Every structure is written in C-alpha cells, then in structure tokens.
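A, B, C and D label the chains in the order they appear, each numbered from 1.
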Amino acid sequence: MIKKEKLQIIGTKQIAKDTIEMKLENIHISETAVPGQFLHILIEGHTLGRPISIADIDKENHLVTILFKVIGSGTKRLAAYSVGQQINALGPSGNGFPLRQEAKETVLLIGGGIGVPPMYYLGKQLAAQNVNAIAILGFQTAENVFYEDKFKEIAETYIVTDDGSYGNKGLVTDLLDKVGDFDCYYTCGPLPMIQAVTSKLSGKRGYISLEERMGCGVGACLACMIPANNESGYKKICSDGPVFLAEEVTI
Amino acid sequence: MNELAVSLPGLKLKNPIMPASGCFGFGHEYSNYYDLSELGAVIMKAATGNARLGNPTPRVAETASGMLNAIGLQNPGVDKIIEYEVPFLANFDTSIIANIAGSTIEEYEMVAAAFNYTEDVHALELNISCPNVKEGGIQFGTDPVMAAKVTERVKRVSKLPVYVKLSPNVADIVEMAKAVEAAGADGLSMINTLTGMQIHLPSKRPLIANKTGGLSGPAIKPIAIRMIYEVKQNVDLPIIGMGGICSAEDVLEFLLAGASAVAVGTANFGNPLVCKEIIDELPDVLSRYGFASVQEAMGKAVFV
Amino acid sequence: MNELAVSLPGLKLKNPIMPASGCFGFGHEYSNYYDLSELGAVIMKAATGNARLGNPTPRVAETASGMLNAIGLQNPGVDKIIEYEVPFLANFDTSIIANIAGSTIEEYEMVAAAFNYTEDVHALELNISCPNVKEGGIQFGTDPVMAAKVTERVKRVSKLPVYVKLSPNVADIVEMAKAVEAAGADGLSMINTLTGMQIHLPSKRPLIANKTGGLSGPAIKPIAIRMIYEVKQNVDLPIIGMGGICSAEDVLEFLLAGASAVAVGTANFGNPLVCKEIIDELPDVLSRYGFASVQEAMGKAVFV
Amino acid sequence: MIKKEKLQIIGTKQIAKDTIEMKLENIHISETAVPGQFLHILIEGHTLGRPISIADIDKENHLVTILFKVIGSGTKRLAAYSVGQQINALGPSGNGFPLRQEAKETVLLIGGGIGVPPMYYLGKQLAAQNVNAIAILGFQTAENVFYEDKFKEIAETYIVTDDGSYGNKGLVTDLLDKVGDFDCYYTCGPLPMIQAVTSKLSGKRGYISLEERMGCGVGACLACMIPANNESGYKKICSDGPVFLAEEVTI
C-alpha cells in the first residue's frame, strides 16, 4: 500500500552523463514494491512530487535503488542530497508490470533513456522466475549508456544509440525484428518510442509504462489522464498506471 | 465546546479544516492516509450536469511556490457523484460540501437541484469561475451582474446553504462579494485560482495544453489574505478561506483576516497528511498566540 | 548588429535588460557592484510633482517566492530628480526611462512636462497604479476610461515616447491595453504588483504598516506571462515585460510570450549583480534554445 | 566597501536558548568591517536578505563572528547550515559606531537581547584604545544570557534579566544611574529599550543602532526609513545607519 515514507540515502553516484544512481533504505518500500512502480518524491521547496521509477530492490538489506536524470530544478536538488540525509516520498506508487509469465517463455524488454531503470528490476524478477529475457536498450549517445553489464547478467542485451557512438546505431525499433521470437514485450521510454514500438508490435501482448506531469501522484487531482477504452473514457497514469496493457489506452 | 469547533450556515464543523475542491477528488485516495472523520468537512471535486472529460494533458505545471492547473472540470456528472461518491464520503463522520459548476445558468440549476435529493450533502459551493457559454464565454466570476444572477437562481432551486466561490481575477473583489450577498448567498468561499501561464522553453509552447491554468499554492496567499480582509470589512457573510494554506500558522492568519473556516488545496500534493497535521497542530498554535478557540481568533486582526 | 540589441520607440538598447522602477533607486548603490553602462536601460524610481515621504514602516515583507512592498512613492520630487539624479545616470552609456506618478492628471502632466527639458531621459514609464485623489481614490490603473484619459493627457504634453505600466489587478488586461493604445501609448510596461497582505501573528496586525502592499517576485511570474501573452495577441504595442524575472531563462520566457525587453525588480534584492549576470548569460541561453538573437526570439511562443 | 561575498562556515554552536554563534571566514569582511556594521545574508529560497550584526572580528585569521536568534524561517535555515558550507552575504553593510573616543574616557555600552552582539566587537575595539567601558546587558531570562564572560574581559559588566532569574532583576534602564559616570553611551536592542534609554539619557552624547525590515539592504529601495532632522526628512537605516547619533533621528 502507498504510504508517506522517509528514505535514508545510503549511496549516491553518477553512472552516466547527468544520470544519478541513488540507493535508499526503507523497509516498507523494499518489502512491498513490484517492478514498474514508482516513488513520488517530495523535494523541499517544490510544490509537486517527482515521480521516479524503482530501478531495483534489495529486500534483504531493505534497499531501494532509483536512477534519475538531472533535467530541471527538482532532479538537480535531488542530486545534491548526500549520504545520510533523508528524503520524503510516497510509495510504492502506481501499478507495476504483471509478472505472471510462464517459465521458459521469452519476453522482450525495451527501454529508452530514462525509461531503462524500471526494466532492470523487472528483468531481474523475471529472471528469478526462469523467464527468458531479451533486452533492447536505447540511449542518445555513448556517454548516456548505463547498466549494460547489469542487464547482461539477466538478459540477452542489445544497446542502441541514436548516433551509433556505442552499440548499434539507430532506434530500438530497428532491432525489433532482429532479436528473434518472443511471447510478450514490456516497454518504458519517451512517448514517441512507445508509440513506434506498440504500432510495430501491434497484435503482440505488450505492457507499456507511461509518463505524464503529475499533481497529487495518488489519483485524486486528475492531472495525469490518458484516454482509455473503458466506460469513463480515461485512466489515471499515477494510480491506474503507469503500466498499461498496450491496447487499453490511446497513445 | 470543542476549541476547534465552528458553526457556519448549514455546517456544524468539529474543526475548520477541509480539503479544497479539486485537490482531494472524492476522498478515496486520501482515506488511505488517515481517517477522513478527522476533517471538519470535505469539499468535493466540481460536479457538472453531465460527465466531462476535461482538458488535454499536460494539465499541471509547477511554478515558484505554486502550481498551475487546467484540469477542466473533469467529473463523472452529478448523478454518478450522488450515486457513488457521496455514499462513500457519508461513511465518515464529516460534513460534505458539493462544488457545483456549469456552462449555463440552467446547468447550475440542474446540478444544484440534484443535490436536494441526498441527505448527505450539507452545503453547496458555487464555483463561478466558469465561462458562460450562452453569454459568449464571459466568466460568471468576473462580472457582478452574472454572478448575482447565477447565485439567485441557484438559491431559488436549492434547499442547501450556498457558499459562492469568488474568483480573484477581478479589480474589485468587494463589488463581487456584495453582488452575491444581495443575491442571497449564505456564505463566501475564497479564493479560487489566478489565471497564469508558463512557457516551456524547449518546445516554446505553453506547458499547460490548455495554454492558461489556475495559479494556486503559497504564491497566492498574500492575495487571498488581502481579499478576505477587504471583503470582511464590507460584507457580513461568513467566509471559507483558502489560497496557499500549508500550516496551522497559515490557518490562523486566515482566521485573523476574517475567515470562519478554511480549505487546503495544493498543499495536499506535497504532503497527503497535511490536513490531519494541521488539525493536530492548530490547538497549540492558537494558544501560542493567545487564543482559546478558533471562534475567538476569527476576525481578530487589528486593522487600525 | 549585436545579438542582444533591441529597438523600441525612443530606445535603442544594447540589450533588453533593465532594472525595474523602485528596485534600483537612481542607480548609485548598484553602481558599486558593476558598471551601469552594461545595462540596456535604467528605469528610475517614480517621480511625483513634489517630494513625498512615503508610507510608515514596515514597508516590506517577505512572502513565499515573493515580497510585499508599500514604499508609497517616496521620492525627492521631479525637479530634484532632474537636477541630481538624471545627471548621475547620464554618466553611464545606458538609456534612461523616467517612471512618473501622480494623484491627479494635472500632477502627471506636470511631471511629464518637466522631463521635456532634459536631453538625457529617453522615455517615460507612466505608472498608473496610483489612486486618483480627485475621483475619490479610484485607481487610474483599474479603470480603462481613466487610464486612457491620463495617457492621452500625458502624451499631449510630453515629447518623449510613453510606455504605460499596466496594473495586473484587473479582470481584463486586454481591455486596459486597448484603452491606452487608443489613447496614444507608444508601448506598454507590464506587470506592476498585485495587491496583497500579510498578517503578523504575534502583533495580529498587517505586517506592512500601510496594511496592503504590492506583491512582486517569482510568485507572480505566471500571471505576468499570461497577461503579456493575452495582450500580445490583441494589441500591437511593444511590451517591456516584468514580474519575477531572476534568470536569463526567465527573460527568454518573457520574450517568447511577447515582450520586446524586460525589467528585473525584486531579484536585485537577493542578488545585486543579477542584471549583469543575466546579460552575461543571455547569449548562451538564446542559442541553447535555438535563437541567434533577442530579436529572433520575440513573440516566438507557439500558441496553436 | 560593501561587496557580495561568499563566507565559509568554520564553526557553529548554540550558546543560549535559540541563539547561535557562527564563525565565518572571509578576507574582505574581516579586513574592512568596523563595529556596528552588519552582514546582509542572502539565504537560499528566501527573497530578501537577513541583516545580522557583526559580533566580532579576528583579523589575523580572517574570521567574522555573528550571533543570531532563531525566530523565523530565515534564521532557522541559517542555523541548519553546517561547517564547511558557504553562505552569501552583502557586507560589510551600513555605518558602524564612531570610535573616536579619548583614551581614559568612560563609555557605557547598553545591549538588549539580540542587540548585545554588536556591543561586543565595539567594546573590544574601545578596550584596545584604552577606553574605559561599562556594559549593561539585558536579557529576558537566565537561559537567554550569553557572552557574559567575554564582556567581563573588556568591560565592567552588569547583567539584567526581566524576571531576575540571572543577574539583576528589571530593565537595563534601571541601572543607568547606578553604574557611575560616563562620557558617552552606545546602545542596540529592541526599539522600546532604545526609546527608554535615549529619553533617560537625553543630553548625553549617545549612539543608537536601529532595526527595520529591509528590502535591498543597500539603500536603493527605501524600505528602511527613519524620520530624521535633515533636509530630506528621513534617513535610511541600511545605508545611513544602522548607527545614528541619538538626536539625529526621531524614534
């Protein structure tokens, strides 16, 4: 259940250009979070929370890992926190990826940029279920690449960069028909990427994780709507999502 | 009597704290954080005649000590609200205020009348910051004649006390308050948001898809306090005050300026427990500044 | 041409940055921090017919991301300003804009006319947020008829271009802009402060001795951007934009919304070097967002 | 000359109830500041500077000491800074106390509450000039008392508390005619105290240090006016003051 929690910063390091990996200690989040859920981080001096995906969990040590890119005032402030300090967050927030895959099935994980982090925790969980995973990870350029080695431990991993400065040159979609067969896909990244992926893979069972600017982060303010094929005509990304079945929403 | 209790037309509140309309949905989400029976009242998200889907996204943007929103009155329509949402809130020992909106006077009347048929709603908050479709989009909330007209017509059909929610986007807030007082309003609720815009530099477009949005949060508190002060000097109606409240000290500032109760909006987003925390801290803050009760602090600012 | 240069009626500016009226005195103090020749222009503190002592203290209060002020037009009177202050500023290679104020139209005329006799003042900024004593205190700045009247009368006596400084305390800013445009204004300057109040809990009194004060700073930026956007869509006059500017990014946001130049007020207090720092950073910020010059960025927000 | 400076925090400790002593390293301020001048401290997240008197200077080590009481959000934030961090301030600001006393003259220093700090640096400087100093220091109650020992090293010191919980009971003015003869007085503290002192000592040469809410802190915004007996009818506390001859302003 989502709660307001204090998380203790245990480690923080830059792992790629403008990209920070932060390890946080918290019992409630580490015990209950599933892949695809996020923390709604409440940063001092900021009116609204910052949604950041959970990139990994170490249940034993009560650790939660987040990876974030410094893009504006909130993430800049967050990057300036140091070990020993505490941050406030709501979490675990939203609904994660369904994990009910059969062992021996093959799944495709497609992550773009700062959409890569939730794919890691997901891949780790699926690997633990003996699901066979292939990962296609797209980044702008070589200096943005992170977590390649970690992905290689859990999945057959392909790196793509826009400019070809690392791995394959091009877009994640260029590899979709080159990685072999899979039963289901999971994707998170910029909207144009998700649109391209879902249209190329239409017909396949797929789960997408969406972003939108959020107010409350809990489902009360109706800021984060996405048109949907249900009775009310919409779903809330913060509380019905951020993960949706590819067909249930209109992107 | 409880030191925090306040009485307003139609409302006997155990404390003066309520979540503001649109910032608390219909209470489901925040009921995970604390028992809504702790609240003086809950003001529901705006109700319109039919379901509305609201504006395209992005609908919110952060600003310095505030935020913009252009949700666009998304709601399931008054009938569904009465069928599904009011019963949920009626489970709690708190008062329920329905925020009503419309594009025509007839829609306002229809929505107001619908709430006559539930025992569980205790007052209406009349949201007049909506453009009147028939009169070519002039806001009810910035024209005293139109504000008076919609107030009078809603009063005529409703059996509930009506709190008119004033828009701050006017040159003379006292004129607006006097107009709705003369039209029969039982109370005022103020302030709604100020119209603002933020331009997103990378895309060169307004960040809010609707272009403009309503500015709320601590940034607007001085404007809210000034308007409540001005209205209180000139109009006799009780005021539900709001605009940037984050703490029990803020609540006391609103009480001193002339509010009889307050609503907390944007602050819920930064801290889902804020209403409860304010209620818990209010007795201490009152006594720190020499007041034995909320009642005693009301309107006690010295303006001479 | 210099990438930062802009041309406005009567003003050839080497860059679009100027300190806002009342936030920079007559430049003496800030000339200790940097060479005022770096500035596009300086807008002087308001000038009135005779010396004024202003309001009792406290005159300022801090608010969330902003401040309130009620200085009360304290100034040594237009003659002393022309005799002592203009010559000081004329030592620098920058344009000088005189902000003029009054309680009657006659006082405005008198002050405006006085600036005809100095070669060193390049434009007038007409501060219409003053209550008109003759008309019983109604503000020139919230009534389009009075705003037009004072604009027209000042234009008639002055040989300088007149930028009318609009008050944001109105329901319809476009109506105000159109009124002063029709009355002959050469440009607009917007926005002035929003009226606000803060109550000091220990004393239970308004913190500002004058009770209300003008709200400025980042808190009001979204309101300024929205008003400039609205006016730019409807009125052809060039706009000097202001309201909460703290950074070169903020300047670009104002340019995109429709301003041709900007003024920086409150931010000087938190950082006396802010105008110079903004000027230094502006070229980089322009090019980061794809603009080769200030000229090119003007009005380039996409609103469709 | 007043400049925008960065000051490095070298030490910070609580020395009385809600009262912090902070030691700051800065060359320009330590080399140029005179007693009675202040720092206009620019605190992140705050629109306006916070004026805080200079309580002591150690020229040799480039140290500036300030003492402040935590009363609102700015001083609370300031108290939370820790050693090694930097603060921004304008300074040295304003005009200090005139030090042109003859050696062997006797001066009276009268400080109330958080008006005590500037009296210390002043007293130290006067002592260095062999001026004979008497200090009357008023506090609310025992737990607010600070710097008694330090004052005793430089002046004949009397402590007064409102409730008599430490030193003499009463107001600083109760002691004015009990401390013996003096040639001149200096005072800083709450306005009612300064008003009482100047009226009791009218006729004597006296210097008072005044407080007012400030905007710019440099003389440009006209926030901090005090009616004065000069041509313009006013003086600015931030730049003409904060120290004035008792007769030149109307309090």
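In this text, contacts are C-beta pairs under 8 Å (C-beta built on N, C-alpha and C of every residue); 3 or more make two chains touch, one makes a residue touch a chain.
Keep in mind the model is a prediction, meaning the values are calculated, not measured.
Peer 1: Moving only between chains that touch, what is the shortest number of steps from subunit A to subunit C?
Peer 2: Minimum step count, subunit A to subunit C: 2.
Peer 1: Mind listing the chains that sit against subunit B and also against subunit C?
Peer 2: none
Peer 1: Any idea how many Å lie between the Cα centroids of subunit A and subunit B?
Peer 2: Those two chain centres are 36 Å apart.
Peer 1: Per the centroid of Cα atoms for each chain, what is the distance between subunit B and subunit D, given in Å?
Peer 2: 47
Peer 1: Taking each chain's centre as its mean C-alpha position, how far apart are subunit A and subunit D in Å?
Peer 2: Going by mean C-alpha positions, subunit A sits 55 Å from subunit D.
Peer 1: Scan subunit B for residues touching two or more other chains and write them down.
Peer 2: Those would be 63, 65-66, 217.
Peer 1: Give the list of subunit C residues in touch with subunit D in this complex.
Peer 2: Contact set of subunit C toward subunit D: 22-25, 28-30, 32-33, 45, 51, 53-54, 57-63, 65-67, 69, 71, 74, 76, 207, 217, 266, 268-273.
Peer 1: Please name which positions on subunit C make contact with subunit B in the complex.
Peer 2: For subunit C paired with subunit B, touching residues are 63-66, 68, 139, 142-143, 169-172, 194-199, 201-206, 211-213, 215, 217-223, 225-226, 229, 244, 249, 252-253, 256-257, 289, 300-303.
Peer 1: For subunit D, which residues count as touching subunit C in their complex?
Peer 2: 1-4, 42, 46-49, 74, 90, 212-226, 232-234, 239
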